[in-house]
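Next come the structures, one after another.
Two complexes are shown next, each including subunit A; its partner changes from subunit B in the first to subunit C in the second.
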Partner chain A sequence: MEIFVCVKQVPDTETKIIPKSDGSFIEESQIKWIVNPYDEFAIEQALLIKALKPDTTTVTVIRVGQTRDSEALRNAMAMGADEAILVEANDNLDSLSVAQALKAAIEKSGKKPDLILTGKQAIDDDCLQVPQILAELLNMPSVSVAVAMEFQESQITVKREIEGGALEIYNCPLPAVISCNKGLNTPRYTSLPGILKAKKRPLTTLNLAELGVEAPKILYSNFKLPPEKPAGKKFMALEDKDITGAVQQVVQLLRTEAKVI
Partner chain B sequence: MISFEYSQDQMAIREVALKFARKEMRPWTAHYDEAQEFPRPILQKAWEQGFLNTCIPEEFGGQSLETVTATLISECLAYGCLGMNTAIMANDLALLPIALGGSTEQKEKFLRPFTESYKIASFCLTEPDHGSNAAGIETTLEEKGDFLELTGNKMWITNAGVADLFVVYATINKDLGRKGITAVVVEADSSGISLGAKEKKMGHRCSDTRTVTFSKVKVSKANILRGIGQGWNLAMETLNHSRCLVASSAVGGAQAALDHAKNYAGQRLQFGRPIGEFQMIQAMLANMAMKIEASRLLVQKAAWLVDQKTPDPKICSMAKAFASDTCMEVATDAVQIFGGLGYGQEYPVEKIMRDAKLLQIYEGTSQIQRLVIAKEVLKQSDF
Partner chain C sequence: MAKILIFCETQGNSLKTVALEMATKINQYPGHIVDAVFIGNVPAEATTQLAQRGVNKIFSLKSSLTSYSPEGYAKLISSLVKENGHDYCFAGATSMGKDFLPRASSALKAPLASDVTNFIFEGDTFFGTRPFFAGKCLAKVEFKTTGPKFISIRPNALGLEGVCKESSPNVEEKQISLDSLRAIVKEVVKGTSEKADLTEANIIVSGGRAMKNSDNFKILHELADVLGATVGASRAAVDSGYAAPAMQVGQTGKTVSPSLYIACGISGAIQHLAGMRTSKIIVAINSDPEAPIFTKADYGIVGDLFKVVPLLTEEFKKLLS
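This part shows the complex of A and B:
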């Protein structure tokens, strides 16, 4: 069985994001990069499924991005993934290009995918599109926001979280693309032996040109910080008789300043 | 010529060790300290991650880790909890003599089981009447034909109450002094071993420390490490490794204290400003940070020399003395920066201060380390 896991490397959640002076992207030099947290659930799920039939299951992790991303791939292999593929590209790709690159990399590997797992979204751009576009390009079904998964030989039962905490249950035939949400599992730590073995595992590097991926159709035009939030205003009503006056003030400001009524 | 950079593997190990320290150790450190309870579930997890028994070579199921990497792990786990890390380190203190001085059969027999499940080892040197004067130990090994008989009292033995294996230093003849000292491996279920009550200590309270009495314990001759009378030299060799481990745990403990203090100084307001803006606090933080950085570099150098197969006892002693003294100073300053809150048990720094004291005492007191250093300094030629 061939499982592919798509991972992205994103800035650590504590990072202070600073746009480049020309607005073309964000300053990358000071950033601490981590594996996209939602992708960790995908890697863990792949490893749990592999544990059912360890000798006949291969887990391959793929990442589209800059060379520094081999760290995310090494981490995944230290957790237990068997192989890794890095498609070298800069970070400013749109979701369609990323999905095209992933599709091309999967096809180039020569392995026929039985299951493709991803995180439900990347925490940097929050597009939530790549898994669905990838499925479309590969002509596979996809289910997003998976919080529970039961794997059978040729199909997968997925519980999908929707508003209000309700769950939709899908029986999805394989091959399929499933995007994973928090709560699906508890990602394991990389073990020390795992880390030491990871560098012996195969890591293939490809580029967009050799995969025939088109230039992105959507380009980021400008990155800037949102306007600074002004300090909140306090309206004091020390005695009951002052309350009406305070309310009038608030309503007035909501109308003229905040312009929400 | 020198690189101060960790390898990619070491960075990955550092990251997961710190993650473990923060998520698995930190939330429980106060509990096990207060309850004085052996933190078995956490140590079991640490074993599963591969953090324990870093001295075991690959041929016997281990990882053949470099000393620099082993000290890095020790630093990160001590950052989580000094007490738990002592229980972890004690395994290596006991297994190192086997890894360094054991025959292939002994390494296979005694080291491999530690790679197959979580087992605990205890290193027995100190006695009620012999601490710094380790050469004068009185525990005896008596020749009895096919086997040896072990008799004596050991004190301040870490992991004693939970050990599966003891590595014991004893003498075959007190009159021979150092030349009589012999190291033997003793299975914990041997008859004739009795344990004292668990010591109530200032710090490292989760660590199980007791006296161990050996009454005519039968020890197979196959359990002698390296040979009769070889114990002292084996102990000296072991110290080059173990002092690095203890020194790096001191760095980790000090770093934890600094991080707590630095964060507090940025938040605590007094006289209308965060106290971190006042120069006296800044001077303290700067001194703490300098000493930690210097300690870390000394430890790295000491460990690196061990890995180059040119261990330097002077540098190892310097690392141990400097780092443990630093840890005590930094922890004390951290409590000071926290002020009244630092004195209370709601905040983590008083525990680090209580834990730090032991680091200046065990594995060779700060005073003994200075004797070692001075002896080398007086011998050496000019710069």
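This part shows the complex of A and C:
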């Protein structure tokens, strides 16, 4: 069985985001890069499935991005993925181009995918598009925001989380593209032996130019900080005698000033 | 003059508000032809609501579908856009919209600007604003293509304000055949709450680690019931087991845009703020006067939430009765 996991490297959530002075993107020099948290659930799920038939299952992780993104791939291999593919490209691709590049890279690998797993979204652009686009381009079914997955030989049962904590339960034949949400599993930590093994695992580098991908059709620009709110009103209510007054004032202001009640 | 299509999602027999938000905003730019599309029947009330917002024609797409299907919805919508030559296709960035719209757009090799929070039209050209890095910054989004362009709009971001020109749309039924679908919904398991989803809620009451346990969330539910609000939680509260994961607001949880967000015992970590900073009004209750949440709150109460929240419930009850 061939499983592909698409991963992204993104700024750590603690990162202070500073737009560049020309607004073309953000300052990248101080960023601590991590594997996109949702992709960890995808990697873990691939490894859990591989554990069912370890000798006949291969997990390949794949990333379209900059050379530094090979870190995310080595990390995935340290968890237990077998191989990695990096398509070197700039970061200004849109979701459609990224999906086209992933498709081309998968096809170039010569492996016929049985299952493709991704995180439900990348926490840098929150676009939530690539998994579904990839499925459409590969003519496969897709289920997004998976919180549970039962794997049978040629089909899977997937629970998808929608509004209000409700769940849609899908029967989905393979091959398919599934995007993973928190709650699907508990990603394993990398171990030192795993990290050492990862250094020896094969990492193929491809160039975007050799893959015949369309130029991006979306342009992002004018990156700036959101408008700052003026300072709010603070009411002290640490002493019991002040609580009623503070609460009454806030409730009144919510009606008369903020007009939200 | 652009030809625009608005996907209308229904919940039960009502039109989801985000569709009306989109129709209202688009109507502020006269001169375009704006159609609406429903998959399945068009609720009677929806026709009136769309007429109030100048919609030209309402498509009702009929097919073999009996429930939601990402492949099915994508095929129906992309077929309509292609057949009718729509320049733009808008949908709400709801669970459904975020799921099927990328399949629909890529079927036509078209770009999709997702989770857009504001936009303008200059003539026929769309310029949008969307958040990046969980809302820590904003960026302008524009298209570089002559073909169809898809846009998903974050619910609650546009609002419903705007004087609209009315119209008398006709409803046109179309039958579209679908190939057999592969991923099939076998069952839908309802969530435990009857309230609006956090991403669509108008008022949210949220609890943090200071809630100490899940039973204490009862006082937040009581406040929420009086306000017609949905209850959320910080990651710290969820990780400690005080609240279900679906309740998490924040960078790795849900991003919300309510008119009012009441944060109870939440310190205000960057990741939490990322999920709720676009709330119109923020109220914070925390016993630590230096808690970062107060820097973003419009109204802050420094005090013990176990004393403040029940009193808030009382006062709101009096105000709203």
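As a working rule, the second predicted complex is superposed on the first by the 233 of 261 C-alpha atoms of A that agree within 3 Å, B and C clash if a C-alpha of one lies under 4 Å from a C-alpha of the other, contacts with A are read in each partner's own complex, and residues count from 1 in each chain.
Throughout what follows, contacts are C-beta pairs under 8 Å (C-beta built on N, C-alpha and C of every residue); 3 or more make two chains touch, one makes a residue touch a chain.
Since the structure is predicted, the reported quantities are computational estimates derived from the model, not experimental observations.
Enquirer: In the overlaid three-chain picture, which partner chain does A:163 touch, first (subunit B) or second (subunit C), both, or neither?
Expert: After superposing on A, A:163 lies in contact with subunit C but is clear of subunit B.
Enquirer: Should A:189 be classified as contacting the first partner (subunit B), the second (subunit C), both, or neither?
Expert: After superposition on chain A, A:189 lies in contact with subunit B alone.
Enquirer: Thinking of the overlay built on chain A, is A:218 touched by subunit B (first), by subunit C (second), by both, or by neither?
Expert: A:218 contacts subunit C only, not subunit B.
Enquirer: Any idea whether subunit B or subunit C touches more of subunit A?
Expert: Higher number of touched subunit A residues: C.
Enquirer: Quick check for you: in the superposed arrangement, does A:199 touch first (subunit B), second (subunit C), both or neither?
Expert: A:199: touches subunit B, not subunit C.
Enquirer: So, A:151: does it touch subunit B (first), subunit C (second), both, or neither?
Expert: Touch status of A:151: no partner.
Enquirer: Share the list of subunit A residues that count as touching for subunit B in one structure and for subunit C in the other.
Expert: Subunit A residues touching both partners: none found.
Enquirer: Mind pulling up the subunit A residues that touch subunit B in the complex?
Expert: It is residues 71, 74-75, 78, 189-196, 198-199 of subunit A that touch subunit B.
Enquirer: In the complex of these two chains, what residues of subunit A are touching subunit C?
Expert: Counting only subunit A, the residues touching subunit C are 11, 13-15, 17, 19, 26, 37, 94-96, 99, 123-130, 132-133, 135-137, 140-145, 157-159, 161-173, 176, 182-183, 214-226, 229, 231-238, 240, 242-244, 246-248, 250-251, 253-255, 258, 260-261.
Enquirer: So in the complex, which bits of subunit C are touching subunit A?
Expert: Touch list, subunit C to subunit A: 68, 70-71, 74, 94-96, 98-100, 102-103, 105-107, 109-115, 130-145, 181-193, 195-197, 199-200, 203, 227, 244-247, 251-252, 255, 259-260, 270-271, 274, 277-278, 280-283, 287, 289, 294-304, 307-308, 311-312, 315-316, 319-320.
Enquirer: In their shared complex, at which residues does subunit B touch subunit A?
Expert: Of all residues in subunit B, those touching subunit A are 8-9, 12-13, 16, 19-20, 48-51, 63, 65, 73.
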